[in-house]
Structure formats: C-alpha cells, structure tokens
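Some notes on the structure that comes next.
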Amino acid sequence: MDYPQIITQIATQVNPLFGQGKVADYIPELGKVPPEQFGFCLHLNDGQVFAHGHSGVKFSIQSISKVFTLSLAFQLMGEDLWKRVGVEPSGTAFNSLMQLEYEKGIPRNPLINAGALVVTDILVSAFQDPKAEILRYLRLLTGNDCIQFNASVAQSERNSGYRNYALGYFLKSFGNLHNDVEQVLDVYFHQCAVEMTCVELAAAMQLFSHHGVEPHSGQRLLTMSQTKRLNAVMQTCGFYDEAGEFTFAVGLPGKSGVGGGIAALLPGQYSLAVWSPELNKKGNSVLGMKALELFTTLTGRSVF
Amino acid sequence: MDYPQIITQIATQVNPLFGQGKVADYIPELGKVPPEQFGFCLHLNDGQVFAHGHSGVKFSIQSISKVFTLSLAFQLMGEDLWKRVGVEPSGTAFNSLMQLEYEKGIPRNPLINAGALVVTDILVSAFQDPKAEILRYLRLLTGNDCIQFNASVAQSERNSGYRNYALGYFLKSFGNLHNDVEQVLDVYFHQCAVEMTCVELAAAMQLFSHHGVEPHSGQRLLTMSQTKRLNAVMQTCGFYDEAGEFTFAVGLPGKSGVGGGIAALLPGQYSLAVWSPELNKKGNSVLGMKALELFTTLTGRSVF
Amino acid sequence: MDYPQIITQIATQVNPLFGQGKVADYIPELGKVPPEQFGFCLHLNDGQVFAHGHSGVKFSIQSISKVFTLSLAFQLMGEDLWKRVGVEPSGTAFNSLMQLEYEKGIPRNPLINAGALVVTDILVSAFQDPKAEILRYLRLLTGNDCIQFNASVAQSERNSGYRNYALGYFLKSFGNLHNDVEQVLDVYFHQCAVEMTCVELAAAMQLFSHHGVEPHSGQRLLTMSQTKRLNAVMQTCGFYDEAGEFTFAVGLPGKSGVGGGIAALLPGQYSLAVWSPELNKKGNSVLGMKALELFTTLTGRSVF
Amino acid sequence: MDYPQIITQIATQVNPLFGQGKVADYIPELGKVPPEQFGFCLHLNDGQVFAHGHSGVKFSIQSISKVFTLSLAFQLMGEDLWKRVGVEPSGTAFNSLMQLEYEKGIPRNPLINAGALVVTDILVSAFQDPKAEILRYLRLLTGNDCIQFNASVAQSERNSGYRNYALGYFLKSFGNLHNDVEQVLDVYFHQCAVEMTCVELAAAMQLFSHHGVEPHSGQRLLTMSQTKRLNAVMQTCGFYDEAGEFTFAVGLPGKSGVGGGIAALLPGQYSLAVWSPELNKKGNSVLGMKALELFTTLTGRSVF
C-alpha cells in the first residue's frame, strides 16, 4: 500500500477544516498553542514509519496519558486492578458523578477522569517517585530520553482543576483513593502535561499493536490477554461521549486528549498518532478525527 | 484450522458450567425450556458450516431480533435513522429511563429496548404488514421459509411487558413514536418471539460478515459503510451492561438475547451462533459467553 | 378584619398581571378558556363566605382533585396507604421517573402524578363504580349535587396523556398498580376533569380547615391526626417545583392545578379558593399565586 | 397550660427508646458522647423558660448551625442570597450531587451541605475573621459570652470530611464558591463544632419565634418577611430525607443535627430545643423526634 500517498491525500482533504474547531482554553497554557497545525505519524509493526506535517512538534498529550498509566498499573496489579475500576462505557458525561455515587465510588472505566485518578493512586502507592517512574516508562516506550513534563501546563491544570479535586475527594470519601488527594492530583496533573510529538506517540503505542511486547527491546511488558483487554477498553471507552461514534467512523481502539492528539492502533499491524489543536464540542480534534476516518476508509483496514 | 476439533473441545470445556445460571422466567413461556442444552454453529464466509450439539433446536431469539429490524430500518431510512436514535453505549441499565428523559426521548442506541421500539415504529410506518415483512426478511437471510413467530411466547411477552408499554408511551410523549403504542408493541413482541436454530441464526448473520451482501443471492442489502456502522454498534452496545466485558473477553461484534442465544461475527471471515438457556445475572447465556471467549482464544481470531 | 375590603384590594392589585402567563394548552380543551378571569372565595370556619369576581364560574380543578381522592383513600386504607406512596417532597420534576425507578415503584408523595395514580388505583379496588363514588364524595363536601365531570376535557386528557400512561405502566411493572392501567387512567382523567367554582372549591376544603369534620353534617370523616398529615403533605408537596417558594410566599397548605385554580387553608380558621387561568412556567396560576401571597400578607395570618 | 407536667410526661414516655438508635460515629469525636442523655428546653416568647434533664449539658450543634449562618448571611445579602442557593426541598440524599450537576452548581436549599457551604462562603467574603463573627453572633443570640467551638471536634470533622471537600471543589468548579475551598471548609467545620446546651439553643431560636427581633436587646435583625422565609425553609428543608415525615409528625419549622440536637419553633409563641445523642437511620435524634411529636400532640399547638 502506498502509505505516503494516502497520508498526503488525507492531509490535503482535512486542510479545509481549519477554523471549524476551537483550541482548548479551559487550561490557559493550552490556549496559547497556534491552531493551524496538523501532524500525522503511522508506525507499522515491521518498523516502517511514515510521518507528515507537524509530526515533529511537541504537544500536550493530556488524557492520552491515561492509557500509559493504565498499562503500567495493570503490570503492577494484574486482574486486581478491576476491583477498583470497571471496564464499561460511561454513558453521558452528565452522569459521571451520579454513577460514581450510585456505584459507591467505583469508576465505570479507567479512561474517564475518576478512573484515571484511581489508576494514578495505584502508581503513587507503588513507587517512591511516581512522576519519575512515569517518565522512565514513557522514555522506554518512545525510545526517547528527552520526554518531559511541561511544568507550566501542570501548574495551569492545578489552578483550574477544581472538578478533578472534587472527584478526588469524592473517591476518597468512598475509600477508593488510598493516598493524599493533593499528592495524587500532583502526579495526575503532571502526567497530563507530558509532551510528545506524533512520531514519539506512535512509537509509544507500538506496545499495544505488538500484543504487549515492547518492540525495541523485545521485552514482554503485558500478556497477550492483558493487551487485548487494554485494546478493548480503548475501543469502548476511549472517546468519552463519542466512543460509539468513533468506533463507527474510525473503527480502531484509541484515545484522544484535549491537547488535540489522538493515538490509535490496529492490533498486529500498526499504531498511529495524529495531532491538530482545534477541538469539536465533545473535546476531540476536528482534523484528527477526520484524518483517522479517512485513513481506515482509504486503507480499508479497521477492526470492522 | 481444525474447527470441528476446536468446537468439540469448547463443548467439553463449557459442559461443567450447567447449573450455574438460571433460565429466564420473567416471561412464563421461556421458563419452560429445558436448561441443559448447548448448541454452536460456525458459518465461514466461504460457505463452510460447522455445527455442534443442540444447534438444530429452535429457540426464541428475543433481543437478537433487534439487529435484524435495525438493519432493515437502516435500509429504509439511511442516515436519517440516527436522528431518532443514538449510537452511544447506554451506561448502566439503571439509567435507561432517566437518560431517555434527559435526552428528550432520543434513546442512546438501537439495541436497548427504547431504541428498538423506535426502530420497530419505523417498520410499522413503512410497511402495510410489518410482521409479515419481518418474517420475509428473516426467511431471506436464513434461506429458510419456515421461520416463524411463536404465538404463545408473543402473548406471554405482552402479558408481562408493562415496562415496555411504559417505554412506548414515554417515547410517544416525546413524539418519537409515530404509530399507536399498542400496534408497535404488538410487532415488537412478535419480533422477539421469532424462533431460530443456531444454524439459521449463524446463516442470518452472514449479511454482516459479508460487508452487507446477502451471500445466497449475491444481492447487496447494505453499503459497506452501513455494515461497518452496524458492526460497530453491536460491538459497543450489544451486551447491555456487559458490553465492555464482552468486548474484552470475546472481542467480536454481536448481540445476545434472554432466550440464551448469542450471535456474533468477525467481519470478512465468519459469523456464528451459540445457544444455551441458562443466563447469568446480566441476562447473558453462561455457556454461550464462555464458549465465545474460548473460541476467539483458541482460534486467535478476534477484532483485537 | 374587613375581608371584603382586603379581597377587593387584592383583586385590584393583581389585575395588571393579566397577560404575564399562558393558559394551559397541552390539553386542547383547556386552551379554550378565556384568559382574563379572576375569582376568589374565602370561607371562614364559622360559616361566613366572601366571594369576588369570577368566583361563580366553573373551571377544571385538574390536580386539585388529588387532594380529594387522597383524603378518600386515606379513609379507606388508614396508615397502610403509606406503604404504597411516600410523604416526602419530590425534588425537581426532572427526577420524577428516575426516583420512581430508584425507589422501586414507590412514588415520593401522593400529589405528584405517579402517587396520584396509586391513590386512584386504591379507589378502583375499593369501589364498584369509582367515578360515581368520587362524584358522590365531592357533592357531599361541596353540598352541591350538580358537581360533574366535563366529558370532553376527560377525553382530551386521554388523547394527550401519553406520559401518564407511561407512569401507569411503569408502576404496574413494579406491582404498585393492582388494576388494569386503562381502567385506572380512565378514572384519573375523569377526576382531573371535575368542574367547580371557587365557591364550591372553598367549601370542599372546609374538611381540612375543620380538622377532618365535614361541617354541614358535623360528620367526622378524618381523624385529627389524619387531617394534620394531609395538611402537612399539602404544605410540603402541593406545588410541584414551587413547593418551597409557595411555602415561603404564602405559608399555607394547599394545592394547585393547571386549570388555574389554587385551593388552600389555615387549619382551624378558614379555607379559600382562587382561580385565574393564566399560568407561570411552573404551571401555577400567576394571579392566583400573587393573590394568595397578598392575602396572607395583608391579613397577617399564615402558618409561619 | 401546665408545661412542666407535660415535659415531665414526655421525658417519661421517651425513656424506653434509649438503645434504639446509634450515636454518630463518622466523626470520631462525636462517638465519644455517652448515649443515655436527654435534655429539653421550652422557651416561651413571653420569657418563661422550662428546662428538663440534661438541658444544661453542652453538645455539638452540628447542622443546626446552618440556620444561624443562614440568618446572618441573609442579613448581609438580602434577596440576592437566593441567586446563589435555592429554597426547594432536595428530594433524596442520593440525588444531591447529581442535582448540583444538573442545576449547574446552585444548591437546592441552604440547609443541605452544599447550600450551607455557599452560605459560609458568603460569610468568608464579608468578614475579616468569619469564625470570630459567628461566635459573636451566637453569643448575642444566646446572651452567653462563653459560646465556643470545640477544637477537637472541628479537627475531627476536617480529618474525615472528604465528601465536604468534594462538594466544595465541585461548587468551586461552577464558580459558586468565591473563596479558597480550604478556608471555607475551615470555617464550616468550626461552625458545626459549636457547642451549646438546650437552654442556650432554645434561647438562640427566639429570634425566629419573635419574627426577627432579638428579644434581649429588642433589636430587629431580620424583617418579618425574611423571618417568614427562614421559617418556611426550615419547615420544608430542615430534616433531610425526613422533612415530609417531620412536617407531619411534629408540624413545626426546625433543624436537626447529627450531634443529636433538634431546634424548633412556633412563630409568635415559643422556641424549643431537645437533645439526645442516639440517632435513627436518617441521622435524626430518636428521642428528640419522639419528644417533639409528643409535645405538639399534648399541647395541641403546631402550625397545622
């Protein structure tokens, strides 16, 4: 398949969509990103990489970090992880707090904020220096020792993260947060503030398209079964309110972030990352969503 | 792949699970089915069929019928269908009525009862004799002119279907049911009371594994894109509260029914049907769920 | 106290409010009522009656009927009544169906629609001809043998009462409606379609200001304690979403209806009825609410 | 009326109820209170006081403090107060967080925790030293300069108050908390930790039975209309889930606290306080509820 040609065609087709979305501004630091950028990186399981556009520009991975902390916590806890967080889609955003109340503090899944806080809490319990450990892990997956937090984004998140504080204390009131809320949120705000390029993000997702084996070292980090579960969770829960829509339009397990990034993969075949800062009303990248839809349509390769 | 051997092995492995579940009894007629039955049928896209056990016994397809009426309504309405019903997972069962209230009468997806009633309403609007038309369609898909409703099951559903009446009138109060509630429910109770064998059900699902082409006639009923959407909806919404769990454990688009049947498919490769009447607490067949999990594990073929 | 002067002053003060509200039109028959009408009737416990304006015009009492059917069911069932319906305010209208689901079919109180349907179901179980019995009871309370249902209003309610059908079937699914839903709704739509004048309505409310004694006959229909409970329920639950607001502004137990009527009372002292068809957004009479607020302010007599 | 005799009779009648409830233990400090205590104090508007039993023992007023901070905030803000908090009953406890979400951060009423936090936030904005100001106000109302916070109870509340932190941050995320969450909660935990005797609490409630005039100084603190509103809010919202039940059984505006105290009043006639530490499942004092019910029954004086 002529991937470079397909990717170029996609870039051309999504270009007219600039201006239809809005850069996230609830975190002031994110609002400063120039909107007219589009990067794309396809990373085949055989090692070939096809990158395009602003694929070398660092962006804030935000909620995409939840996939990585989840995979790390899964390695630590095994199946016990699912005693503290579910694997079911969450329905509407509106319900999140009510569901947490109704289900006695067990978040519906690990990719909504409440669930991701529980996952981060597990890392805080497990590691002396959880922030360093997260960086170490992401550097391993990307093969890049320069992966860093953006300190001013982390600070910006903290200053406007009242709802996350509310979730944290609510989980704590149910006994499903074992560490100090401030400490867990400090780690959480930092993991969201990690910066990557599309090239790095696509590389990091190779773990999931390789069924749990980190391809550079050949080291197995997750069992086949664990990887299948993580991919399944991404498929059903990775796009908030648009999980159903995305599953249809794109048909790949993946995860989006309000920084404008989307990471996705086809098990056994490839991983990819796309980035463009303008978001639709549901908080997903406008050009990113369209690019992925075009990619699976033009290549004819998706899970469905 | 040695399918007969794999299927035999599965049948042996699930056998000890008899007695762990309970036959549905909320509809008296269903409660009369002898519990210790297990049928399995695999239907490859190349036409090969491997059947096992009680795969020739008729059972009530119940909610699996929602997939067929949905595919018929989709042919009639095209994308306009999605103005009347969503494509997102529904969260907990508990929320169903509240979500309907909050979202002004638009059901979350077409595979929960409220959504299926809207789909049936579309058929009632479109056809002079919607019950006959549903039978005609199912006979086409199965290639079997003897497909019938079980009249006493339909009557039994009606007699205990107060909650479905409530849903129907609630949809009507929002203007999202165009026909008489009684008439829509009559069709709905009949579609749920259709009886099929595993062999017939697997055959009927070929439409979806063939990307929308009915394989006997070679006739295209659904576009590629429509079929992709239907498969995606089955993946994210086909198993009520267990959609996430099923997506992980099995990793195939599918749909279950309280009659104990489960239909599933791998796009481009095969469809299958499994049946065993004993249900777990979420209303899915105990042996059926396990059999599917074993099948994708032993064959190594799932969407993830 | 110079009641005629006070009532005249109130009528003058509320007059400029005509045009601020809207006559109920969800039931077509109600929409035909000429809007610029205002009636007021004060009925003191010592037998004096002061009536003003359109106080002799018949109007549809609608939800005010719930108070009368409740008092009748309470006589029949005693404290057992509260096993089937609660006595707590219902929070927002929005929650009604969800609360019913969460609380397993026990309505929050007997003055919301769900609760009133349970009350009517009790009358249907108790009486051969419940509609005749309701008329008999209202004729006793008003001392007027001409009290009647308006048949075209009852028919109009039935034709647009989908939400009430939904509630009825939902209650039935929980086993908290013992009779046929159609039959209960037929009685319910008729009780809502009873017509009274302000003079008649004020007279009927004397039962509650006389601590349970019907004043014409001197017959005790309710115990002191039962009357206290009914008054308490009217105080906390009588005005839907505006119960708190009304308790503050007016400070009397009472009940409103979408026909534009409001009935209220001060225990041991007086009952009153006010009617004006234009409603505010919460479904309560604009001029009626203001008139009651002025009445308790000008007379200095309320429960607080 | 022979009040001493009536009160003695009540004390005798409630005595057998010891052991039926449980002392609050979610705050460790409260769990240390000896359970078998019962105090009662009636304070007539003419100045007569009748006290009985442990009416001179200090106890933690807890949520009863909400009435006092509310009345203080009302003096400061006037009607603008109701832009930030509603006056409607809250329905079930279960709904609290969801309602806050649905109603965009405006608590249903000022006597649930969310609403009381908004009220405290107003005091934090208004006063240099809000804790000192609250003490000053309570000392004025009780005529006792020794009213104090119990520091170890306040600390105990803080240590287990995760849910209140969650509410605070949630309000903050909606912009309905203007000050630092930590600071508001510090004041809130202190106001809950105020200690009073029944005699002092009954005295403090005289403000509300005197229509807004502080009786010792003759100073008007609240207008008649403001007092009427506060009494109405206590009537409809003062007893959490038991507001309807309490309105019926007792028929007085009032407020309970998990320390086992209940304060109530009959406008224009008397205020009273009762205290007994054992609570029913809804968090109200077992002996206190029964004593109040007996008091209004035996004296025949309630609002209904």
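For reference, chains read A, B, C and D in written order, and residue numbers begin at 1 within each chain.
Keep this in mind: a contact is a pair of C-beta atoms (placed from the backbone, for glycine too) under 8 Å apart; a residue touches a chain by one contact, two chains touch by 3 or more.
Quantities reported herein were computed from a predicted structural model and do not represent experimental measurements.
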Give me the set of chains touching chain C intersected with the set touching chain D.
none
In degrees and to the nearest 5, what turn takes the CA positions of chain B onto those of chain C?
180
Measuring from the mean C-alpha position of chain B to the mean C-alpha position of chain C, what distance in angstrom results?
47
Mean-CA-position distance for chain C and chain A (Å)
56
How many angstrom between the C-alpha centroids of chain B and chain A?
32
For chain A, jot down the residues that touch at least 2 other chains.
94, 102
Interface residues, chain A side, partner chain D - complex
94, 97-98, 101-102, 162-163, 165-170, 172-173, 181
In their shared complex, chain C is touched by residues of chain D numbered 86-92, 94-95, 99, 102-103, 108-109, 228-229, 231-233, 235-237, 241-245, 247-248, 251, 253, 267, 302-304
